[in-house]
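The two complexes that follow have chain A in common; it is paired with chain B in the first and with chain C in the second.
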Partner chain A sequence: MVMAEEEESGVSIQLEFPKGRVKKIMALDKDVKRVSSEALFLVSRSTELFLQFLAEKSAQVAIEKKRKTVNLEHIREAVKRHQPTRDFLLDELPPPSQPTKPDRPTQPAGRPKLDPPPRGTRRIDLFFRKPELDDPAQAQPPENPAQAQPPENPDQDQAQSPVPVDES
Partner chain B sequence: MSEAEELPRSIMRRVVKYKLSRCSEDGEISVSKDGLLAFSESGRIFIHYLSATANDICKESKRQIINVENVFKALEETEFPEFVCPLKASLEEFRKKNARKKVVVSKGKEDEPKKKRKLEGESSDKGEGSEKGEDNDKGEDSDKGVSGDDQ
Partner chain C sequence: MEDSIGGSSSNDNNIIKEQDRLLPIANVGRLMKQILPQNAKISKEAKETMQECVSEFISFVTSEASEKCRKERRKTVNGDDICWALATLGFDDYAEPMRRKSRTKIQEASTNQNDLC
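After this line comes the complex of A and B, so read on.
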């Protein structure tokens, strides 16, 4: 892809950024009153050089991290590594995107998930639980609604029935 | 932010991708959407930063118009001296190009009176229409409202 027309000297001078747009951006600063056409050309060309410089540094970061796509994180890292750029740009860049997945899945509210009991034992609260059927449509509500409630005594949860012993 | 306040995205993509294509040996590196947005924002902030620094230098030297020297000093001050050499070369070419344009414009203005006389001789009705494009050759900077004097 040819970006700019090459003169005999080999220096590309055709600007990429439109001067009018650059001037409008400069004019947003109320202190900047007037700019000569040559100074405007230099600001526009400097911006091009700066973006090429930043793209190169960001690409280096992406290559280091074995990535084929330059993203915001790579640009932020490139900015951090270059002191003059960091001074004016780091705080102005968009904040790093938050990770979409949490570190560990959050447990649903309700009964805490306890470790399974040792072999040969069963939990006393199983007696109060509704039997889990394969087909949820077949599950019928208990006759006495009080039976569905967990026991009020918290110690009862921890209690376990003794291991059956073969008396013979 | 309005579109007038940001750099054109298509040009931004072209500038960045051109550089990225030269950075990797094994294959072309692409840019994500948020990356491109960050480049655009970086360019805009750099323009503000450089022009504000150049403006401060301009005020120190008690001048009204930001000129070439102010921009070069601003680049030194903002610690981007590596840009100065390529910019000086670009500026030389820019000046040559403008000088060539001025020669073409002045030649065109010399030829204009002859054409006018010819047209006026043919018919007075058509002669009025020939003056329509008389003041169009003011140079490329006039339409952008940029002051051309360097002081």
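After this line comes the complex of A and C, so read on.
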């Protein structure tokens, strides 16, 4: 199925793709009635060149992203970078899916993103804050420092938050 | 020198096998491996995508060339049409080197009384 061709220098080159299969793909176009052997050769050869070009660009993208395996995302990026290829091929590629292992982790590895806490949960730092007063006038310190009296119950602040009791 | 390709039975029944629509994945994979660095790997998904890409490329170029033939009321797509299509679609850097090679092939074929197809 492989068709041998010769260059001007006399060195033979081989077409990588079977001409019968190339012909069948061309025949999918209903308008195509007859194809010359020269046209078939040119289509096969240009397809090889296109594949080599796209593989090379995809490999470059993979190297940029520090990956050893060329995958679909690298091909998509290579297609985007070449205008003529993008014009006819970008819409034909499968839609981008959410990668399970992204090329660059968006979240630092040490601090995973947690789910939001359930309603009614209080932050722990509220425990250490002074209770805020509704009246802003009361929040001002008294003019005479001697009038400032300590709270009658020194454990009053702590009494507001329940302390677990070990029943055992 | 010409191939009639319009009337295949699979087209008449509107049933196109998947393997007839795509180039062989082994050939695609082999050609990709030749281009990539030695230690590089290719995912199966990438090979399958590349299969689709090259088939789409063939259809794209063929469609443009056959449209030119239709406008000029010709039935046979020839090498000039393919080169014109490649240039029109932005792949003109492929066209000329292949054109020179192709001319040599045709001359050799006619000398040896061998048909390329």
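As a working rule, the second predicted complex is superposed on the first by the 86 of 168 C-alpha atoms of A that agree within 3 Å, B and C clash if a C-alpha of one lies under 4 Å from a C-alpha of the other, contacts with A are read in each partner's own complex, and residues count from 1 in each chain.
Just so we're on the same page, a residue touches a chain if its C-beta (ideal position, glycine included) is under 8 Å from a C-beta of that chain, and two chains touch if they have at least 3 such contacts.
None of these values were measured; they are calculated from a predicted model.
Annotation: superposed three-chain arrangement on chain A; chain B versus chain C shows a clash. Shared-chain residue A:Gln60: touches chain B; no touch with chain C.
In the superposed model, A:Ile124 lies in contact with neither chain B nor chain C.
Of the two partner chains, both chain B and chain C are touched by A:Leu89. In the superposition on chain A, A:Phe50 makes contact with both chain B and chain C.
Looking at the shared chain after the overlay, A:Pro18 reaches both chain B and chain C.
Put simply, chain A uses residues 3, 7, 16-19, 21-26, 28-29, 31-43, 45-52, 54-56, 58-59, 62, 68-72, 74-75, 79, 83-84, 88-89, 92-94 to touch chain B in one complex and chain C in the other.
Per the touch definition, chain C reaches chain A in the complex via residues 1-6, 8, 11, 16, 20-24, 27-28, 30-32, 34-37, 39-43, 45-46, 49-50, 52-63, 65-67, 69-70, 75-79, 81-83, 86, 89-91, 94-95, 98-102, 104-106, 108-109, 115-117.
On the side of chain B, the complex with chain A involves touching residues 4-8, 11-12, 14-21, 23-24, 27, 29-32, 34-35, 37-39, 41-52, 54-55, 64-68, 70-72, 75, 78-80, 83, 86-87, 89-95, 97, 141, 144-151.
Against chain C, the residues of chain A that register as touching in their complex are 3, 5-8, 16-19, 21-43, 45-52, 54-56, 58-59, 62, 68-72, 74-75, 79, 83-84, 87-89, 92-94.
If you check the complex, the residues on chain A that touch chain B are 1, 3, 7, 9, 11-13, 16-26, 28-29, 31-43, 45-52, 54-56, 58-60, 62-63, 68-72, 74-76, 79, 83-84, 88-89, 92-94, 97.
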